[in-house]
């Protein structure tokens, strides 16, 4: 007795293939959806903001007058913030990665630290803001200055650097370590002279990605407290400051008061996206350039 | 005879001897060698301290909060009026705000993200995939403040033009935009899970006369389901913790409602609002920040642990 | 008889053999001047073969000679490799399957395939076997039950698994998994079964079972089996095709191939002088 | 108006180069005034950093009345007795500086063409829970039968308290009033909600006249439109008029010369900046009184 | 003479051979009852060997017999594998290197190692050679220059690279890389050089160069070389040890091993009957 009637199967095949093609179209449209949004978003931002970008906008200090307002303060603030975030995450992130990969016995402590880091990566940024507010701004009495913001941000992006550095260190072939040990080098000499230089591209890529994450974060700094109007340009890590995303935030909500603020926000977004795009391109360049080394 | 090496060296320079000498003067080196691991351990411990620090800070201040406001009232209160003399602290408005915005976001991110993943993993040619993936990564790299701006200045007005009852600030628009923001995450994690399903399994099904859709839906997706679900859970965690989009586009009304056309506040937006206004230490309002942050932390922690658990526990055994 | 008229088309050196082979049986697959390229690599060269119904046809040859490529061309699975280009004709039951209008899904419903490494789905044993019937529209639980039992019996594995149909197929041994894959293939009642080194991942006892199974199955199905094990080809097949560098060197009754091969290269290969 | 203060700086100490920071928080109403003032000031004193925040009068006082608190607190209401007491406890000497006059402006949506003129009582009733005016038709039968949506600043703000205490006389606000932290949000909400009615300082209406309509309030002698003319102390809009202040921590002024300098600068330029930012200027006598007090701190 | 008193300690079947070997030369490495386990796997079993100064000692044996393990034990590199357990004694210049108090860094400074696959650092040629002296505290640029030249000359690669010392070592051919690794090793003037199949990744010409180099180096250094190439062992070594399954089957003059092995298994291996 035949259960599978090939005539029937053949007849139904048409509609099954149709379903397949419909689904394929649907899946393709879904993929396009994200891209269409990306295009609309970028188009909107460019349409609103491009006309406002000029030398004055970049080099002027903040002002309540949209015609005179510039983002020099926010750019400088962003740079100062990075000047804190970069070394702190480098030291903490790379140090942790070296410890986990080279020193820690594969036991409870190292797996505890690892779990911790992956959980840290999932903590909402606004909670880091609360931590920064409580610990750095208040308990250490730094106030809402670059250093407090930078330390908060450094902790926030720490997992990115740790994970990237771990991968980079793991990718350094064992034979290079053996070559160094074979010369009578100590462990630290081997790490310092052989492992870290070889892992450097991967580590740098991670650091750049972490920085680009930090550059785009708003919530923690809003929570730590950045004044709505801060005209002076910060001169050091103990100065109050503002950064590009926070400036975008204030201009966006104030656009209800002064319509041009929306244009200023869009213009600032353009600058921010350019910076991010540049950073990511550098990261990709580094990755490609040094990828096939061994 | 055995001396030949040494003799030869004496003529010019004797590295072996120099090294021996240096060695004696280098007790410092041994010291570093012992010290370094300790320093590195200390550095690694900072990450642990950070987490512990977050938890401890939250816990102590949360305890202070619950001295002022009973635990039950906080978690069952449908009214939140944090300011003024007769302040009332019920967290339910914030919880519904958070849950509803997350739901909306996932209603966008899950189907679109999964379909994108399916397209990239099962239908797209290698070339198309290589072209599309980086574009999606750009979408993932855009700062959330930009999405907030987009929601507020573009999506809300757009939605209002065909949803008449939609309030100027509402939970729908930021929810949708949050979903868009999460699409790349769901798509790329799900795609990873599906790509790791061995081809042999696809071939097995194709050889039975299955169409690509049937292979995908009945074989690949079930085989990759744990990775796919983990991507959903991580997406949820991300949506719960997202701050700026809702802060900008959902307003700050603390209504206990389920109407998505209305303004609602999420836990994250509450934290921003309260710290942006008054947060004088020692007040109940100040402590309420920590109670809310703690709730938020616990929510996301559970989600992250759940995602880790799912992908570890149900790791495919093919 | 159509067979007689068809003979005229054959113009390769295998023509005589094909002719003999067709004296009693119908041709199920007829490959004509088949060429296949992977990008620039010419993997199949002018293949002409006529394969009979209700026989076991073995394909042997050294590694890389194109055995898998050929068998995968028969159900057009080879097209999953994007760079593949094909010319020539493959007539399956007298219709050219390489024709654009020919639906691969239909073809694959009639032509089952068993792979080198057992590849059950990560589902229950039952679901593995019911998968095919289900996608082809059979929903009735009772019919499905019947199909599953019949197929598992057909693949000589029913007794071993009948008490644990709902357990995951990954709990089975390699040999059981392979017979499950055969059962999965039987469940859609194919006309032809293609097997690509189905026993190479199996232990000797499982291999024996599968070999016995193949012998039984040929009563109902036409079987084309790739093997690198010459003893196996000799034991179970009716006809044998010897491939070398993408060409068919010799195609004849298995007895003849292994006793009096007509080509020097076949002899060298069979006696282990290369490969 | 950078040049005008040349004349006002008769005290002759202006040319001195100062540095350091001036920290200002408080009223959102006063914020535009103070932000403009700070900007102008920094045009002259390049090295002084003036930062202005706007957490609201009441919230601002909490930050002002603290150790290492802010230097100034802007306020859209007068300091309360509790706040004075707390200043005394902390040893903070507070100098009140009245800087301008403001009128609580009742705003409605541009599309709202019925409620453009309301009596004072109607305004009060709309914002009063006990009056139970839930729909426009409850206010006047000829108004549309649609729900009123009320908006206002939240409890951090002096404007909220002024409305609640002076205009509503401490009676409950309706349940569903939509209270916001940011004035920009309020402007946005009212401008997009046809049935909206809200209240805030005149300045925020003034800079958004294209988006909002101000209700003309009838205080008994015909509808009065709020404007810089009518919100003078004895003007027609007087019942809804209020002075706005900034409060100076004189300890800070003594410690940090730039704080005192800024205070004096503020008073000297208050009239000009007020006019630019939607406030009615003070009389010369009021200004002089504050200046005298400030000069006494030197 | 201390050699005479030491003889009494030797109690294995290799004792006689060791005795003869030591008649003219000093023993540099003396392995006594060495056992080594990887976790549960017993990789070295009761190894007793005495290796002479200024000789080339070859270690041969089939894959997996423990050659690499043994040679890596001599500079304690084997300890990089966490599961390793060792018992017995290895006397290097009469001090037991397995002793806790013995610093591995000191040992490895005196005992250089060349690996199967050339493993230069991804640095310049100069930096590769200067690496060892630098980590041992030599900073003086002039001394470093001298060391680099001397070592590169010693490794017979100076002429090929002298004009591009600052180029990356990865630009060199495999054979050049391997000689560079030898130069790197010479730069710290070791006493012993361990080589683990140093030519297995090289082409015949590079192999020849390295073999010649080994012959020259033995004037100054003691060399222990693992090779799976019996011709190589025969060509370049003075003594040969034959390992099998973690045991030393035979240890003798190379000539003797290859002409008149005393163990049947050695003979079988050498004549290619297994391995």
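Chains here go by letter, A, B, C, D and E, matching the order in which they are written, and residues are numbered from 1 within each.
FYI, a residue touches a chain if its C-beta (ideal position, glycine included) is under 8 Å from a C-beta of that chain, and two chains touch if they have at least 3 such contacts.
Which protein is which chain? UniProt says A = Phosphate transport system permease protein PstA; B = Phosphate transport system permease protein; C, E = Phosphate ABC transporter ATP-binding protein.
Predicted, not measured: the structure shown is a model, and the values here were computed from it.
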Those chains that touch chain C and also touch chain B are A
Rigid-body rotation angle, chain E and chain C, from Cα fit (steps of 5°): 175
With respect to inter-chain C-beta contacts, which pair, A-B or B-E, contains the greater number? A-B
Approximately how many whole Å separate the CA-defined centres of chain B and chain D? 41
Averaging C-alpha coordinates per chain, one finds the centres of chain A and chain C separated by a number of Å equal to 54
When the centre of a chain is set as the mean of its C-alpha atoms, what distance in Å lies between chain C and chain D? 88
Which parts of chain D, given as residue numbers and ranges, touch two or more other chains? 185, 188, 191
Which residues does chain A have that touch at least 2 chains other than itself? 9, 16-17, 186, 253, 255
Residues of chain E engaged with two or more neighbouring chains: 106, 109-110, 136, 188
Which pairs of chains touch each other? A-B, A-C, A-D, A-E, B-C, B-D, B-E
Spell out the part of chain B that touches chain C in their complex, as residue ranges. 125-126, 198, 200-201, 203-211, 214, 218-219, 222-223, 316-318
In the complex with chain A, residue positions of chain E that touch it: 75, 77, 80, 105-110, 112-113, 115, 117, 119-123, 131-132, 134-136, 170, 181, 184-185, 188
Counting only contacts in the complex, chain B reaches chain D at residues 83-84, 160, 167-169, 251-253, 263, 273, 276-278, 280, 283
Within the complex, chain D is touched by chain A residues 63-65, 227-232, 239-240, 253-258
Interfacial residue positions of chain D with respect to chain B in the complex: 55-56, 58-60, 62-63, 66, 154-156, 178-181, 185, 188-189, 191-193
